[in-house]
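To keep things simple, chains are lettered A, B, C and D as they appear, and every chain counts its residues starting from 1.
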Amino acid sequence: MKTIKHIGVFTSGGDSPGMNAALHGVAKTAEMNNLRLSGFKKGYEGLIDGDLVQLDSSQLKKNVHRGGTLLKTARSKRFLTLEGRQRAMQILETNKVDALIAIGGDGTFKGLLAFSEICDLPFLGIPGTIDNDLAGTDFTLGFDSAVNTAIENIDKIRDTAESHNRIFLIEVMGRDCGYIAIHSGLGTGADAILIPESGHDFTQLLEKAGSYDREEAFVVIVSEGDELGVEPAAKKIKEINPEVDLRIAKLGHVQRGGNASAFDRMLGIRLGTAAVEALLHGRKNVMAGILNNQLSLTPFDQVVKEHQVNDELRSLLKIFGS
Amino acid sequence: MKTIKHIGVFTSGGDSPGMNAALHGVAKTAEMNNLRLSGFKKGYEGLIDGDLVQLDSSQLKKNVHRGGTLLKTARSKRFLTLEGRQRAMQILETNKVDALIAIGGDGTFKGLLAFSEICDLPFLGIPGTIDNDLAGTDFTLGFDSAVNTAIENIDKIRDTAESHNRIFLIEVMGRDCGYIAIHSGLGTGADAILIPESGHDFTQLLEKAGSYDREEAFVVIVSEGDELGVEPAAKKIKEINPEVDLRIAKLGHVQRGGNASAFDRMLGIRLGTAAVEALLHGRKNVMAGILNNQLSLTPFDQVVKEHQVNDELRSLLKIFGS
Amino acid sequence: MKTIKHIGVFTSGGDSPGMNAALHGVAKTAEMNNLRLSGFKKGYEGLIDGDLVQLDSSQLKKNVHRGGTLLKTARSKRFLTLEGRQRAMQILETNKVDALIAIGGDGTFKGLLAFSEICDLPFLGIPGTIDNDLAGTDFTLGFDSAVNTAIENIDKIRDTAESHNRIFLIEVMGRDCGYIAIHSGLGTGADAILIPESGHDFTQLLEKAGSYDREEAFVVIVSEGDELGVEPAAKKIKEINPEVDLRIAKLGHVQRGGNASAFDRMLGIRLGTAAVEALLHGRKNVMAGILNNQLSLTPFDQVVKEHQVNDELRSLLKIFGS
Amino acid sequence: MKTIKHIGVFTSGGDSPGMNAALHGVAKTAEMNNLRLSGFKKGYEGLIDGDLVQLDSSQLKKNVHRGGTLLKTARSKRFLTLEGRQRAMQILETNKVDALIAIGGDGTFKGLLAFSEICDLPFLGIPGTIDNDLAGTDFTLGFDSAVNTAIENIDKIRDTAESHNRIFLIEVMGRDCGYIAIHSGLGTGADAILIPESGHDFTQLLEKAGSYDREEAFVVIVSEGDELGVEPAAKKIKEINPEVDLRIAKLGHVQRGGNASAFDRMLGIRLGTAAVEALLHGRKNVMAGILNNQLSLTPFDQVVKEHQVNDELRSLLKIFGS
């Protein structure tokens, strides 16, 4: 195994809070091990264009709290092509990069897998996405921050919902599994939580909500990935009872931003550090994660898995909502 | 003038943070003056239904910070009718209410004006609406809180906008004048602010935003009351440049809730206190407000005015955005 | 085993955010199982005085987010005596309480152990303390919230520290192990973290901080439980360099309050639910916790253990600060 | 009057949130008027050392929200000397600075007054201090932010105070007049507010607080500038009742930092803009402020005044606490 002297790092896919904490973790650990560290800007696009910057460990330390990613990110069509990946490989060679760390989601790691077919440099992945939908880690960077942002906003909506005794349908982000909806719904005492593959009986929901003259608010959290969606759901409810006082809120992209929560800062630092140390121990093509409260390394091809809501969550959903 | 021994108070129209601080102001000042205080629940509906509660000053003190309104609110169709208002008058008589304080927006005060034609009890208004669109006061309860909530969320969206160098169109609340858009747009360094009666040249806006490969985010704040609206605006921009990386966010009802800001708590306490003291001084059918940093009382029929963006704001908009 | 029909619950020791979420978890699960639920107010004092209230599941749901504890808490000298515990046992008998859930820290569980010597009702514990210093669970209710509050305040202090290029010594809560200091120090890019049993070389610290004319802030997080303490530390630093521009901040009790974080709300709900279910399955005298990401039950006498900073944290401290 | 082509700006004294918004206001308005803008770092020290930087309007726009000051600040002993001021004047001449804007407190403006005796360049002041104790403006930059930070922390302390039915003495910042204590005390429903020149009758306060077995928390806000101070106050209370359950909290420097509130961002932008425009209109040696909701310019020698608590505040204090 070639000695690693120079590491490249980039952030890819959708940004999420905690990515900068991970960069800080990578930078500090690289510095402690006398490694040179370059950052590629805008994800895979930066790899292809040779858009790299020297990363300053003290600069990153000052930004450990910030959401977003200092290296920017982008979705790259060019990297999907062989030509693009060959260009990237060239760039790494020219710049004498010995190893590559990528912070992103499943799309990012699929890209690394494809890249590994022509480039045999060691790659290390760090899970950065608010969706928390990767196998190999119980928590992805950004999930805790996104749930906290969601619940702060739901708490605020509750004030106005309670004042009017309204039904509120609140859409939160999430792709296939609805974790943000589950955690934010349970954490705000939601009356119903609609996630993918949960059946939706709006007649029953309206009965539970009571008549138009109910004495309380009725809050429904709807996952973005839900098959129906918040606007059609509202429409269906109004078909059953046209008089219903109902409002919709889509929390949207605020859930992607904001300072990282304490949990995500710690997670970013732990995984950034672990990624560098794993490379120094000769590991490659694995993603660092936390599984059962332990640092863990999982091969890229086992990271992209279909997530199921586990039994405990399923049981909690039955008890607490919907 | 009949001696005031028993005051009634209610909140009406849309809720806004600071209403509970105003209730605390009313309750404490009533207590200091040995007045009985009853709260009517759900706005004018509570007046008509006799849905009143004894208000406990120490209970309200504990909730001085809370958004929403402990007395709830509702839009009342019945109060628009003479019959409804006669019922309300009956209720006030039966319960020996000597004076009435209403916390709400222009609809609330229009209602009191109409009510005053058949009921000669003294009425006192307190401006509670996030729109800040009442004459007679430089600030309405809830405006400062709403702007703070808007800017916190815009700050968060900026993190993800900057990470992707995206154009973001962010819709904020506001009716006819766009004050929340102006304050939150200036306060977050927005690149453009679209308010009612501002011309929209999207070709120019896109030029200012730069090409698809810009090096920064481009954030546009769109007032809800804008003639075009955030979705049509997005559509128009995409017609000019179909490749543009653009997202929409509608902050929505979170701007109505959440704990009241420091400013709104103080404003609520000042106006609640002033309302009771004005009644004790024989004033009637006026709205308490802060004009030019002084407590001020303005007749109801002068409160509902068309607001113009003043010269200073107009000039700031020219300098800082769009 | 006697069938459980009526559960009693109380909160004891220092309060922490998440306790109300746990009460909500207990209440809802009790309701789903048709169990009666009484809450004892003010910890063990309520047990002795028979100060109990019917707990309303929907009321608790509305307060799932709130810090503190709706049942209040108190330190009880009387429960330390046999007489006090006999009174408590009497109360439980008179009120036909079949099982008891206690939310608190190690003092609370020591009390239950002692109580179990004369009272054979099943007891179930839920870990509620911001210190995160109980064996049997990787996280105690309130720790995540406390760290988030600490980092928000440290982030704010950083603004003024950076403006003046000052040294700031910031004291955070924590008893014997310094977890809040470690997590908040790492999460804010602190330059040094002083925890119990870490040697303190202030000459070296001052060298690291640079001369009086340094170009940056220098932030030191000091755990409350540190043998030296923040004021003596400041004094020692000033002895070495009397010209140093240094300020002290003690975050204090704000770390105990505020709305529970997303993590603590979820943890409270999970553990509250697990506690009731454990009782229904015949378990007794154990504390519910999360160990290695699994629900876990640990006997009371194994819960109070001396915590060590684990190897990973020790390594991170070496890399990132002091 | 010489044409102004190049403006210098600096921040001085204690930092406060909103200073960066003011810099943004200055920079953008200077840019719109084709003026060159230089920033001097670290207050008067930068003037003396010629430590200046070109200010980039778009960089400042991105930081409009941030607390602290990007130009840093420092207290300058050298500027108190004639020699220091002569050096500064030299620097301004060498760098062809035509006018100077200073953002700071009364110490800053006293410095400009002294400077004007030897240097006849036009000076313009912007009030930046959290204390809100300058004549010539109803609000100084940072006051609203500081009060918001104070009330957020007091709200959190209330959670733990209520859980234990404790007396809490909470010290907030403020120099001679106690405005932060008044606003934060009123806004959090404090039971007593101790400010300079308010008599302190602790026997009465303890009676009001009730016996040790009270049923509620009792929160006292103590201004930093109070003649007694929070620790002696606690001591006196314990002398009267040694059994009392009482805690102290000093909010300290967190009140100086954190992102600027909406109000302070707007205020900063308004005053920064007004300062440049005033200079372009030939004004000198005045401070821009908001008086009675109007932009206002006040000569430096009328800005440093003894502030009195006005009648309305005095009356509110009587009604609501202490």
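Please note the rule applied: a contact is a pair of C-beta atoms (placed from the backbone, for glycine too) under 8 Å apart; a residue touches a chain by one contact, two chains touch by 3 or more.
Protein names from UniProt, one per chain: A, B, C, D = 6-phosphofructokinase.
Quick caveat: nothing in here was measured; it's all calculated off a predicted structure.
The chain with its CA mean position farthest from that of chain B (6-phosphofructokinase) is C. Measuring from the averaged C-alpha position of chain C (6-phosphofructokinase) to that of chain D (6-phosphofructokinase) gives a distance of 35 Å.
Computed from the mean C-alpha positions, the centre of chain A (6-phosphofructokinase) lies at a distance of 28 Å from the centre of chain C (6-phosphofructokinase). Centroids built from CA atoms put chain D (6-phosphofructokinase) at 39 Å from chain A (6-phosphofructokinase). Touching two or more other chains at once are residues 155 of chain D (6-phosphofructokinase).
Under the stated contact rule, the graph of chain-to-chain touches is a ring, a single cycle where every chain has exactly two partners. Here, these are the chain pairs in contact: A-B, A-C, B-D, C-D.
Of all residues in chain A (6-phosphofructokinase), only 11, 14-15, 17, 66-69, 72-74, 149, 153, 155-165, 168, 247-254, 256-258 touch chain B (6-phosphofructokinase) in the complex they form. Partner chain B (6-phosphofructokinase) is touched in their complex by these residues of chain D (6-phosphofructokinase): 21, 24, 28-29, 32, 61-62, 64-65, 138, 144, 147-148, 150-151, 155, 183-184, 186-189, 216, 259, 261-263, 265-266, 269-270, 273, 291-295, 312, 315-316, 319-320.
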